[in-house]
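Quick one: the structure is below, questions incoming.
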Amino acid sequence: MKIKVIHGPNLQLLGRREKDIYGELSLDEINSEISKVARSLGLDANIDQYNSEGDIVDAIGNAASKGIKGIIINPAAYTHTSIAILDAIRGCGIPVIEVHLSNIASREEYRKHSVTAEAVVGQISGFGKSSYLLALQALKEILV
Amino acid sequence: MKIKVIHGPNLQLLGRREKDIYGELSLDEINSEISKVARSLGLDANIDQYNSEGDIVDAIGNAASKGIKGIIINPAAYTHTSIAILDAIRGCGIPVIEVHLSNIASREEYRKHSVTAEAVVGQISGFGKSSYLLALQALKEILV
Amino acid sequence: MKIKVIHGPNLQLLGRREKDIYGELSLDEINSEISKVARSLGLDANIDQYNSEGDIVDAIGNAASKGIKGIIINPAAYTHTSIAILDAIRGCGIPVIEVHLSNIASREEYRKHSVTAEAVVGQISGFGKSSYLLALQALKEILV
Amino acid sequence: MKIKVIHGPNLQLLGRREKDIYGELSLDEINSEISKVARSLGLDANIDQYNSEGDIVDAIGNAASKGIKGIIINPAAYTHTSIAILDAIRGCGIPVIEVHLSNIASREEYRKHSVTAEAVVGQISGFGKSSYLLALQALKEILV
Amino acid sequence: MKIKVIHGPNLQLLGRREKDIYGELSLDEINSEISKVARSLGLDANIDQYNSEGDIVDAIGNAASKGIKGIIINPAAYTHTSIAILDAIRGCGIPVIEVHLSNIASREEYRKHSVTAEAVVGQISGFGKSSYLLALQALKEILV
Amino acid sequence: MKIKVIHGPNLQLLGRREKDIYGELSLDEINSEISKVARSLGLDANIDQYNSEGDIVDAIGNAASKGIKGIIINPAAYTHTSIAILDAIRGCGIPVIEVHLSNIASREEYRKHSVTAEAVVGQISGFGKSSYLLALQALKEILV
Amino acid sequence: MKIKVIHGPNLQLLGRREKDIYGELSLDEINSEISKVARSLGLDANIDQYNSEGDIVDAIGNAASKGIKGIIINPAAYTHTSIAILDAIRGCGIPVIEVHLSNIASREEYRKHSVTAEAVVGQISGFGKSSYLLALQALKEILV
Amino acid sequence: MKIKVIHGPNLQLLGRREKDIYGELSLDEINSEISKVARSLGLDANIDQYNSEGDIVDAIGNAASKGIKGIIINPAAYTHTSIAILDAIRGCGIPVIEVHLSNIASREEYRKHSVTAEAVVGQISGFGKSSYLLALQALKEILV
Amino acid sequence: MKIKVIHGPNLQLLGRREKDIYGELSLDEINSEISKVARSLGLDANIDQYNSEGDIVDAIGNAASKGIKGIIINPAAYTHTSIAILDAIRGCGIPVIEVHLSNIASREEYRKHSVTAEAVVGQISGFGKSSYLLALQALKEILV
Amino acid sequence: MKIKVIHGPNLQLLGRREKDIYGELSLDEINSEISKVARSLGLDANIDQYNSEGDIVDAIGNAASKGIKGIIINPAAYTHTSIAILDAIRGCGIPVIEVHLSNIASREEYRKHSVTAEAVVGQISGFGKSSYLLALQALKEILV
Amino acid sequence: MKIKVIHGPNLQLLGRREKDIYGELSLDEINSEISKVARSLGLDANIDQYNSEGDIVDAIGNAASKGIKGIIINPAAYTHTSIAILDAIRGCGIPVIEVHLSNIASREEYRKHSVTAEAVVGQISGFGKSSYLLALQALKEILV
Amino acid sequence: MKIKVIHGPNLQLLGRREKDIYGELSLDEINSEISKVARSLGLDANIDQYNSEGDIVDAIGNAASKGIKGIIINPAAYTHTSIAILDAIRGCGIPVIEVHLSNIASREEYRKHSVTAEAVVGQISGFGKSSYLLALQALKEILV
């Protein structure tokens, strides 16, 4: 069963940027854990990182027509402003789970509210890379 | 006389997504009606759909230099947040009309305010595909 | 087919007041264009101007019982404050279209939000007298 | 003992408009129940419906000089915006009770706050026609 | 038919505290009037006063399972802040009426909005002890 | 030289209502002082009191065509909410002065802001009937 | 009878600064008119201009002990922010009238609200130098 | 390893109340799943439901001294208002995970913000009973 | 002379929790200092700590009937939200002083405003345990 | 040990102004009590009253270089607006205690928030002249 | 030493668009001045203009790995909304200076606040093309 | 060519106060750098530091009459609140540049908005003493 994992803007900098907040792991290291756990759950994870809001809208909108059955997304900075991604999630026809590496509720005021979460099935935040891994299990359960 | 019609993010999903709000017609079906009505008014409509805010800014900014005389835009989700599109409309040197398929005034709080409308000639919203067709007439009248 | 066109407060001053915003035409001149275009569409337009919010509420509430099939309204100043007109539109049982001569989105902060638009089919604003004429076409299409 | 019952804007549409919110009874049916219960309490109820804010201000301001001893008012849409009615209640010199057919606390955000209630003796809302009938009893008790 | 009457925090102080706002009667005196009127309406009123939000949540949640058919509640200070009581009212499965001794609309800004009223059938406020007695009648009518 | 003095809603109650705020004089007593002082300044004061916002909009809009050269208005409760009166003042083509009996800056929060004052020449408030008399002098000076 | 006229910050620039808003007259020219009119009313006007908030607080607080019977103040920029001047007016024990050259209600958002006006007898604004002259008359009437 | 699971107010009503939002399962059924999964992870789950904010503060504050190593809490209605529970989480000295049955980001405005989440390790919401089960895994990983 | 000292939620954790903010002393150590200083002032201090808002409301409301002459309260987290405690203070009939260990004005935005302080005699905050000791002196002076 | 006591604007009016709020004592009477108590604590109190914000900024900034070891300040009206005094307190290098004669939490909305308190050690308010005397003790304790 | 200069959306229109605000120079003319001045400072300026937010995020994030030592950015419309660019600046590891051609503090309300400036070293605005040239000097000084 | 450099409140504390924010240099050291650079640009810099808002208003208002051709001002704390300084800048008739040592956009919420910047030519902030030196160059260029 194909699923898609979408990393939002600046996540390519993981492991280099603000390590006290986002941790020491690079995006490649996280991705290989995601792939491994996905496989163990019988999921085929297609993983991408995008800095452009429009590319994320494309990816979500096109997912169903490519045979993808569910999406895990960390919209990063776009979490707090993007109605376009919200609309894409609403219109894509497949379940979407939102994840965050850090606990956004304990950060700056403008990071506490998620615009995109209004349309997702559920949210998991604050567990570092495990936010993605728990989301894989949650998605598996929804898809079965 | 060349004009441009710009469809904003997620409108490629029309006819598949939230049909109770946006209707049953696909974007292709709407586009062929737009082309037909445009021709009957002596207008040559160049139609594009973009998911990226930057691509819309490009398209508006480049229009005049391509001989385009007026623009009809449905900025969709970017309507409510994009100062970049607002600036492009202000700076493009040709008249722009904003349209919406649904009556945004009767939807979620965050969809009631249009950031981009501050710079347009006028707005038409709530008439489904006819919003575009009425805009063609309005644009014709302005350009003549 | 009978329809009603309602002009809100101060519109009797058209052509005399703030011409840079509202244009040079008097209300009579606009009304005769409305009548003519309505007739060409097979519509019988009953046109009135009211300065009183209560009179507008009366006119909307009574319309259906007088055989009127649709309403075009420019609520002018009441656009931004009148829950009573909003309720009348909600309760009148026939389609209502809201029009504005100017593009209210580019004016003072308190003119950007329309209270009444929450209950209408659609809105057309910014095209001067053509806002009314385009609304006649839109109404025709809805009623047919 | 003479009292006055004032129905605010659009209440003439009762029984026709938004029945899921306001119920099936027409204003005439409610009025005849009010009259009957008033008589049983020894009250002579003068009942009027007004769409104009100014007419309501007139009616409240004139009441005392016509020998009216108390007022029951459903200000409807004007509840949420009318400082003029608030001032009339403050200045009229007789007790006023505010009633609503529906529970305004469970409706749209802009219907939750009552401007006019600041000056009344008390409020009764949410019991359909019984809101008026309970108010008759409450008014009787205050006047005795 | 069993009903429950719930008095919220500090109401045990009635007759001692701020008499200009809440009146001269003690809670016991009000309760004996409530019991008497309830009996005359064929209702068996179980009356309690609680200072703890949690106890009120308990009482509302347990009511139905104890054969109680309806609730009259004066949430006092919790009116303005308690989502927990709001949720209890939503989930309890029987009709709830909210009452207040004083007209909360004419008091401090923070007392004008009722959080709990969003889930009740209706509200009666401003009539002193009669707020409860009118509520008994209203509840009787709903339950019959 | 003809001028118009407009008293807004509830001012017919002067001398009866809230005397601690508005004073002991009746509207008739104030009006005869206004007439007398106007005559002494060579002004012919046409004085009216209206409870309806629409009637005030009519009166302002019609003034110039009746040969009136200036307006003194106490918009009372409509001061704080009426965009329609604001627009009438903007469009009427003659100078308008706003007056208040009491010092609105020291009253309730919602009475501190004047919507209508945005379009007047100047404001005089807090001097009881003298607010009108000072305005007559100010208007005289403007008109000469 | 001694009175004091206080000009607030930057008013020494009158006649040089933003003439379209504040007019062509210099402060000296205005002051000599004030003195002349004051004398004609039997008032002895002591006039000062201060750029420092503290100096204005001093001047108001000391006035009564210097035999001054009333104050006319144009707090200029401090109008909108100074609680210290508000407190001085409240505590000074003599009547204070607030004046403004321009109609502050038609200017920038942050100039529409007067903090200091909460404690004055009344306000006169928008009549240029005549704002002061009318205030002299109003003060005369209060002091007599 | 001992952990504590805390269910907040009204959760005893699960399976009876608003099933479209909270699902068909009773609290007992959810609890036995939690116990089972906990055991499979080598965790000994002590589970309680409290309607009182103070009881939840007690339970969190006492946990460490009872040998409990981590807490999973669904603060329900208190999520949105309780600084006391926030402080308890901050001061308890052991990791706390916040869970919600429904996706609170897609519900009423006042349910979108979590006060308590500011102090937790992470949040999991929207997955029904699985929110708790995923939290068990997350907690296990943190504790190991 | 009997007085009561009330410690609010989570204060039982003192000396263990967030020592950089609240200091190293345990609640027992603070309490024995309070008792000692109270005795030296001729006061008999009854000291309690409560995590439940309702228990604090009980304690304040019952104080006078138990012969208590004054209260010192640190409402902790309830400071910022509890209208119920505010009402209890208003209604209890004896003087109440509010204290805080830390200077709440220099902490999180939501800790800067005290709801409960509206009804107290005075506040002392920021001096650690000395906040209580200074309050004992202040209370002594008020009671004598 | 030298300390400084700073009285803010308008406090020279004490005993004359608004006695119901600030009491009957003159500033001189309060100052002689402060001096006496200071001496009894081994403190040498230098006391000044300033109406100018700038003078207060000077006094705080210069204190340390004059051998002053601590400051007690009642910033009066500047409490609520002065970032300059806040910065002076932050930068002066010695402990500062803020006092108020009245309980500012129970006064006008704009007096509830203290801008300056963000930088002080602690606050004492509501005890009249005793606010200063308690502050002397608190300061003594901090300095020892 | 390599640096990067980033021009945000719509700046390709310079010299054509709103010349009263942005000046007469084209982007090419500005760029050749930037290059020249950079060279004179020993800096090698790589200059790009982007309409897409994602492209700007890419450019900032990739800069360090391309040997770029500092960035000068005019985020134009994205200044006011882009958390993604803010995050890129925070995470890029090299100093960033924000510039604006116009003085954004004197423009529309929504242009006064810079979201992106929270993470930059400093800001220079209002000097037209010189904003860039001064920034080159400032950057030189930081890098040396 | 004479120019004036104005340092606002508390800047006399530089080098002693909050060095992590404002740096190690004393005001004298900064001033001698300013003088030196000014001379090298052919400017004669008159430099003053003021703690009083009124003194700053004086200095700006008097500048032109003293032959000063331009002003560089760091309004420090007054930046965020002073309409009086804003008005002085508007009215002084010569160009003014605003500077800040720190990047105010990355500091407390109340330091992010500059009231005074609305009237300046441009702003430079975040570069420590270099903010002044860059401003000298910018001013030179404007004056030439």
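First chain written, first letter: the chains are A, B, C, D, E, F, G, H, I, J, K and L, and each begins at residue 1.
Here, contacts are C-beta pairs under 8 Å (C-beta built on N, C-alpha and C of every residue); 3 or more make two chains touch, one makes a residue touch a chain.
A quick note: this is a predicted structure, and the numbers were derived from the prediction, not measured.
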Contacts common to subunit E and subunit K (chain labels): none
Classification of the subunit E:subunit I interface as same or different, half of numbers criterion: different
C-alpha-based rotation, subunit D on subunit H, 0 to 180 degrees, nearest 5: 120
Over-half contact-pair match to E-I, picked out of the listed pairs B-C, I-J or H-I: H-I
Separation of mean Cα positions, subunit H and subunit A [Å, integer]: 24
Mean-CA-position distance for subunit J and subunit B (Å): 62
Subunit C and subunit F, separation of their C-alpha mean positions in angstrom: 31
Geometric centre distance via CA averages, subunit L-subunit A, whole Å: 47
Multi-partner residues of subunit F (at least 2 other chains): 52-55, 81
Touch relationships between chains, expressed as pairs: A-B, A-H, A-K, B-C, B-K, C-D, C-F, D-E, D-F, E-H, E-I, F-G, G-J, G-L, H-I, I-J, J-L, K-L
Touch list for subunit A against partner subunit K, complex: 8-10, 12-13, 16-18, 50-55, 76-78, 80-81, 110-111
Subunit E-touching residues of subunit I, taken from the complex the two chains share: 52-55, 57-58, 61, 81-84, 86-88, 90-93
For the subunit A and subunit H complex, residues of the former touching the latter: 103, 105-106, 112-114, 117-127, 130-131, 134, 137-138, 141-142
